[in-house]
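Shared between the two complexes below is chain A, which pairs with chain B and chain C, respectively.
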Partner chain A sequence: MMATHEVALGHHAREQAGVGSGVWSWITTVDHKRIGILYGVSAFVFFLVGGIEALIMRMQLARPDSHVVGADTFNALFTMHGTTMVFLAIMPFSAAFLNYMVPLMIGARDVAFPRLNALSYWIFLAGAIFLNASFFVGAPPNAGWFGYANLTTKQFSPGANTDFWLLSLQVLGASSVLAGVNFIVTILNLRAPGMTLMRMPVFVWMALVVQFLIVLAFPPITVGLIFLMFDRFFGTHFYDVTAGADLLLWQHLFWIFGHPEVYILILPAFGIVSEVLPTFARKPLFGAPVVIYSGVLIGFFGFGVWSHHMFAVGMGPVADAAFSIVTMLIAIPTGVKIFNWLATLWGGAIRPTTALHFAVGLIAMFTIGGLSGVMHASPPVDLQQTDTYFVVAHFHYVLIGGSLFGLFAGAYYWWPKITGRLLNERLGRVQFWILLIGFNATFFPQHYLGAIGMPRRIYTYPAGMGWDFWNLVSTIGAFGIALSVFLFAVNAIWSLRAGAMASADPWDGRTLEWRTSSPPPVHNFDDIPLVLGRDTYWREKYGRRAASASTEGGSGGRGGGAAGAQTEAYFAAGRPPTSPPAAAHAIHLPAPSYWPIIAAIGIGVAAAGALLHVAIVIAGALVTVVSLFAFALEHHRNPAHVHQDGTLGIDHRKVAMWTFLGSECMFFGTLIATYLAYRGRSVVGPHPHEILNIPVTSASTFDLLMSSLLMVLALAAVQRGDRGQARLWLFGTALFGLIFLGFQAYEFTSFIHEGLTLRTNLFGSTFFVLTGFHGAHVSLGVAWLVTLLVLDLRGRLGRADAVKVEIAGLYWHFVDIVWIAIFTLVYLIP
Partner chain B sequence: MTSARHGHRARFIGLVGVAQALGGCAWDSRMSTVSPASDLARSILHVYGIITWATIVIALVVSVTLAIALLRFRDRPGGPLPAQIRGHTLLELSWTIAPALILLVIAIPTIQVIFRTQGPAPKGALQITVRGWQWWWEFRYPGLDIATANELYVPAGQPVALRLEGPDVIHSFWIPRLGGKRDVVPGRINHITFTADTPGEYWGQCAEFCGTSHANMRMRVIVLDHAAFDRWVAAQRAPAPEPSGDAADGKTIFARSACVGCHTIRGLSAGVLGPDLTHFGSRKIFAGGMLPSDAENVTAWIVDPPKLKPGSKMPAVGLTTEQARSVAVYLLSLR
Partner chain C sequence: MTEIPAVSEPHSDAGHASVATYVKVALILTGVTALEIGVISIRFLTPIVVPLLLAMSAAKFALVVLFFMHLRYDSRVLSGLFIGPLVIAMVIVLALMSLIGAFVTFGR
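So, the complex of A and B:
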């Protein structure tokens, strides 16, 4: 277990591990704590940008018929405000805590893939900078953060504005999915001994749920954005009504992502509150398993409610009723969480720290946002509330009252752990009250404004509608929020310079992060702790009292028996439990790497090239590909990386591949579903039955199936250590893949000769994009196999490396299975 | 001292303002969602009311419990460690089941109203086709051969069946006091059915962001009693009146300029991209309902539409102010 980190490599690796403090050490860092800080600082900067956008909008709306900004500027401001706050502020704020705290809370030394973690951050930064660069070329996105097609098509939005938006969202999505895979593997596979799933802190649980949501929810919007990109750049017809397209396609794809996204934004805050309340009530989280299950249920239901964003589009009464009921069901686990938090406070010994203020603020404010959400779960009511300021009020109560209050709670709670200094508690409480008052002054009146008919996204309104006074109040309130954020910045700077030094455990915490110094050493823990139950560190500190109470509790008794026995054992021994101590010099830490930032720069360059010249796209892509190869092969021969088996008893890389393939299922599922939804809607030919060549495609399908067989043989050969056979079968698999690609090239050219291209009709658009992306996956697989083959030829693919062939095989088989689905659904079913 | 007194006064005025606004928190303003004037809006308000009260009760329960917990369970220095209670199955079950019951109370009327309000239009309903354009509303009465813009005339007490069509991007038709919104989606046909209660003027506007001048896509529904509605229909069906004097010049200018490419005036032109102007003079508002129809506004509009309405699809067609004034006089004469 934990082999990555405990194989002795001597002093060398440890000195390499980015202990320095220069700019270079930050650029090349792969330390999860530093990456967490990078996320946090970036998020705060973009949070300020989004906040300034909001303030300008509020100034424009303070009076009727005002001219602070014009229509186009205002439309750009609300588009950028929404996009920025969702993708560049709240998500990376959560990512900051996630990065910093999850490994500490599960007793790990880093994440499963530290360099991949750095790559996620740099790609995020590239996307964020690219999005905001739009301001500097005078083309900020202006079609709303959910960019409804067909307003976003070239016909109605000819400028580069929407291109900036769709390209940066794809870049940001890639960053999120990579991070999602990384953290799922980390949480499942890097837990300290004894940290069973049900002993994991609730914050870690919520992080896990959120990562699953990210991995599964981003592919649908990615596909939607790819369609939009193809429509805008290559003339396809996915959102072209005259070609037979259905504009609800975009709305479905967007909200299948968009609703889980709401939980991606709120669940980390719920997790933070579930840590803060017990600490400051000095009492365990009430019904922790139920809080965990309800978080999982919220995530699960979150995929089944997207259409409640679409009650006004006319889906018909049956769909309206069904989505209404599922939406209302989500209120149950959400309510359960709130009651469990209340019960946690009840009977506790509450210490009113700033962190507790924000956590309690979340309970109160999120309750309002949750309840107004229940109101528009009812379609008839929603038809009056949607797209009005009532909804604006609702989601700000969720995202500020929920997410932001939670994130501030986390900031005050974990700041001493991260910086080693305390924030000023008095200033913190002042900040809390100003935020609470400013926030309510801004957004509570918006419920009323919505109820008396003020639509959202209007840059101006006439006098005499009854909207004037409360708009003015709302604007004044917004400056209260700004003041509060300013005070936080003041507090942070003051603390870094002159704040009181923090002990390792300033709050009398309950979880493992408080068991190591503040800030923690590069390797987090000298000895990996042994985990004996929920709130394991509290049990260590308070011993029998805490432990015995746990077995009396109602639902907390789960797994208490075994833990109880262990607890007795270590209390008898009289010292805190750890796994067998590893000598400090034996701790292997990942070496810093500059390849992540270079790969990210390549992606940013390619995105910019899409707006400038195709040569720049190619240059950027080349940089990315080269650096990813360098990245992959950088530590190829590092013996510390040979065995990466974790808590699940499975290699990290295999868990990662399975997770990634789950994401890919959603990707291809969306592409195939679109093909099926658009089947028969083309208004001009050629139609599928006139052109598909089933005998030829049957041959290519057979070829691809056989390649899977060769892949199995290749893996078996590598596992046996039979290098001759390994080479033969790897070569064979790649060759069969190439033959399949040859078939596809033949098919594509013959279709083009027969007059079917991407631009011909909906069939052409859906067919070429679906099979084209599959072909791209096959190409990637061939490149991967060839890389393995080259490694083998150079004698670097021994038995110990079998897992590398195994994950390539998993990918290869998956791509084959996808083809079978495509072959059946596209070619065989008439 | 003066400034102190000034400050007091400002504060006092501020307080009065708050009190007035709260006391007079007018729930019956022009676009109120809670002041119904049709069967549809009343059905919605019925559910709206039930849910609002349910949520207020829940909010009170949560906030009172929270307040009591915060006041009662403070940490006392040197106090004992609180009992480490980890859960209580019965309690947790009960606060899972209670919300489920409340949701049932909300769900039942919700489902009833969904099906009641989305059924087919009753026989004898007045059929009207609504088209949302960037950024104005077109209303066509297929049985009556009438086309108008931004002002929708309907009779009180008679069911009205709106058929929503989208010629460009997605819009959303919304007259809050007459009912909830329904999107106007290109490539799909949506429907709204309602019966207005009493004569009056009801305001609405586009509720789905549709581009630059989304904020300027407003409309009014004018509900008339039956006799007045019949008179209106007769007037709209009549041919455009023949102009004289300045208005006659305006007609000439209109007929030979780019106007005819987009606008219909029955007997003169047949454009379809802009509003039908046959009875332009009978409308109180124009330009997507953002401006009152008077000679000054119409003239300024004709000279440079995008100046008044950002992004306007109607370009400046190169008329002088003088010519524009003649055209305006002509258009306003089309009553």
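So, the complex of A and C:
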């Protein structure tokens, strides 16, 4: 059952579910398919913006001593090009396919939290618009997409340029984490009967890995951005070397995020290729489980290689060796995928469609990018290549040759499913060859330019360096890429107006999305299909023998064995494998909501207010808080929301909360690591041993521990329907939380009186930010508890709502365990 | 808008700990916190005070997670969702501290 307000599918189901065609229906939509389209259209617009930025840079570099743009504009162009392509183009392109296809491929009617999905999109759009608004006020970010400290400090970036960048990245990060949690729950908990984990399509697997990377990799960059924000807005010292700080802290935090981000960008494309190749080779994916394990390994290793971006900073031989080895190791699962894809094509009945062209193009181009990546894994070689055009060539082979080729493969593959019309195959192949030639003309020469010493990020160069010819070739190639993208736009518009109508299964597909009409109905499937194996629809069409044993994907696991037997029985009876037919009134759809866009507007206003006036921040924050409360309580009394148990037999909200807490581990882990790394580095006092009050903090620690006891007592009372006790313990927990906050207020004010503020020294900066963010979490927890208490007092918190108390309790206990760590590491350890 | 299905009974929570267990855990947490405060003032424990404090903190952390957060009784999937990121976070914390120079082993 979906976590939504539900509307029955009847004669007016489309209208009831807000599936009209007007603008309002798109603004309030919570349908994963429409949100996928919104992501896709937005991504394409920002892709064009990023592409224009690239073309201007290439025009500037086409000739030596060129004056198309000046140095400042060039700085802004490469900063915005990188930021736009990573966060506003490639990531949302992937999000478009994830949104549209994942629920269809797992046989679900929507995502686990449709309104949260809409909220993620609108927050993304708010962040994207805010970032690009910087152009209109003449302050585009200009310190590089990597934002290295201390280029970003007030001293070297005094304008609002960097503020636009750091605030928009925080907004975009919030969107990504919310979407990540949503899709993890969706994939784990909304699979159709019979779809064990190993029966999931490889694209869904890669989506799952990517969502874990997002929820775990974004917190470190968020913390890094928070430090930067505090340095710029409140005068803290996180990146101030004169106060004892280390500039490399930023580089570490950025690349702890930045390298997994590479896999966030590339793995969805790998997933697409793993769907396209079997379809057009008419063979199962060779060694599919190994491809899946390789994707998981790439994701896991992705967290252990970040410092290979920093070999040039001088980390020392031990660190260099460790990160070099792990970086070389990550080439193994990547190579495994390449060989598996080639083996899938080998001996297949190849249909050379445009999608297959792009998929094969990815294999070739990404291999080139991967090989130059292995070269960077060697620190001595890397030292020669760092900050040269060789690196620019490398990562464009990964991100265009890999991600973009894969996304175009997906576009040609799934376009008929999304629009109900076919793209022009001939024009598509012309587009492919122009892109292939243009891309290689642009970036292959850059290997050579880098090797002969052309540095990155220079806005011009003198004649006679030997760089002229290949820069001109590179610029001509860039216009080839632009022509290719233009042809895709022409093809898309032609298809929407006059393209041939697509059947439900135009490619003779293998997975569940081809089992429903093109485009799918609002409810996706009339009957939820039962899953037979990884290529379940292929097997459904052609029988058991047609599907290789390798596509079985195991039969164990919840829903696997029993459902598998049931589907075999359906087959034996000559009927299509679906769950027992649902009566029309039993198909429920999520109702539209305008609260997601209002909350996103509030966030955007608050971000803008940070650059204008504190009153605007407060106004934006108020709109956000009010709309989020309305959002949370919108369907509180809907009985259809009471139980949201899914495939795992666990409530969606509980899976979501644990996933979020995993993300929070990374958030607080990064804050604590920074505090510990900077411990003892303050160049002026007061120092911790002079000021920390252990007796007072021991009392507040005891208070918080006891609040956890009251919280479990409250949950137990709600579960047994004892409303009196439930009220008492909920009130007690909130009260103890408030007492803890009182202790913290006392501690903060006494420190300020003793001369320790955020600005005093490195200890003050790290202490107040760490404990302050913990306090903010406690405050949020108190607000949550008070909300539950109010619901209870109004008679709206019964036994059936126990899970709501349980997830609030999980959050509360997490805040408690974070304090357990802080109390020991900050206060007790001498 | 059509008829909404009737609310079914909430799930059984028989797998969770009893109130008595919660109270015992709270008493242990209180006792360990008192011990933590005690060991920092005992001079002969100074050489081992850091590992002692870390061990006691880890024990408190585990008690809350296992009993108050019910991870001891819940699905292993939930344990994986929490412990996996926790381990990654701890490894990254240690690596980051090493690389920034908080430990001597990786000193630059």
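Definition applied: the second predicted complex is superposed on the first by the 792 of 830 C-alpha atoms of A that agree within 3 Å, B and C clash if a C-alpha of one lies under 4 Å from a C-alpha of the other, contacts with A are read in each partner's own complex, and residues count from 1 in each chain.
Assume a residue touches a chain if its C-beta (ideal position, glycine included) is under 8 Å from a C-beta of that chain, and two chains touch if they have at least 3 such contacts.
Model, not experiment: these values are computed from the prediction.
Contact with chain B, but none with chain C, is seen for A:451 once the two complexes are overlaid on the shared chain. By the touch criterion stated above, A:246 is placed in contact with chain B and with chain C alike. Within the superposed three-chain model, A:303 lies in touch with chain C and out of touch with chain B [touch as defined at top].
In the overlay built on the shared chain, the residue A:708 is in contact with chain C alone; chain B does not reach it. Once the two structures are superposed, chain B and chain C can be ranked by residues of chain A touched, with B on top. Using the contact criterion defined above for the overlaid structures, shared-chain residue A:290 touches chain B, although it does not reach chain C. By the touch criterion defined above, A:316 reaches both chain B and chain C.
Within the superposed three-chain model, A:162 lies out of touch with both chain B and chain C [touch as defined at top]. On chain A, the surface patch touched by chain B in one complex and by chain C in the other comprises residues 246, 248, 314, 316. Residue ranges on chain C touching chain A, taken from their complex, read 1-11, 13, 16-17, 19, 22-23, 25-26, 29-30, 33, 36-37, 40, 49-50, 53-54, 56-57, 60-61, 64-65, 67-69, 74-75, 77-78, 81-82, 84-86, 88-93, 96-102, 105-108.
In the complex of the two chains, the chain B residues touching chain A come out as 17, 21, 25-27, 29-34, 43-44, 47-48, 51-52, 54-55, 58-59, 62-63, 65-66, 69-70, 73-76, 79, 81-92, 95-96, 99-100, 103, 106-107, 110-111, 113-115, 117-118, 134, 164, 168-170, 172, 174, 176, 179-183, 185-188, 190-191, 203, 205-216, 290, 310-311. By the touch criterion given at the top, residues 6-8, 10, 16, 184, 188, 215-216, 220, 246, 248-249, 252, 256, 303, 307, 314-316, 318-319, 585, 638-640, 642-643, 645, 648-650, 654-655, 658-659, 661-663, 665-666, 668-670, 672-674, 676-679, 694, 698, 701-702, 705-706, 708-709, 711-713, 716, 719, 799-800, 802-803, 809-810, 813-814, 816-817, 820-821, 823-825, 828-830 of chain A touch chain C in their complex.
Put simply, chain A touches chain B in their complex at residues 70-72, 75, 143-144, 148, 150-151, 156-157, 241, 245-248, 281-290, 312-314, 316-317, 320-321, 324-325, 328-329, 331-332, 335-336, 338-340, 342-343, 345-352, 360, 363-364, 367-368, 371-372, 374-375, 377-388, 448, 450-462, 464-466, 469-470, 534, 542, 545-546, 549-550, 553-557.
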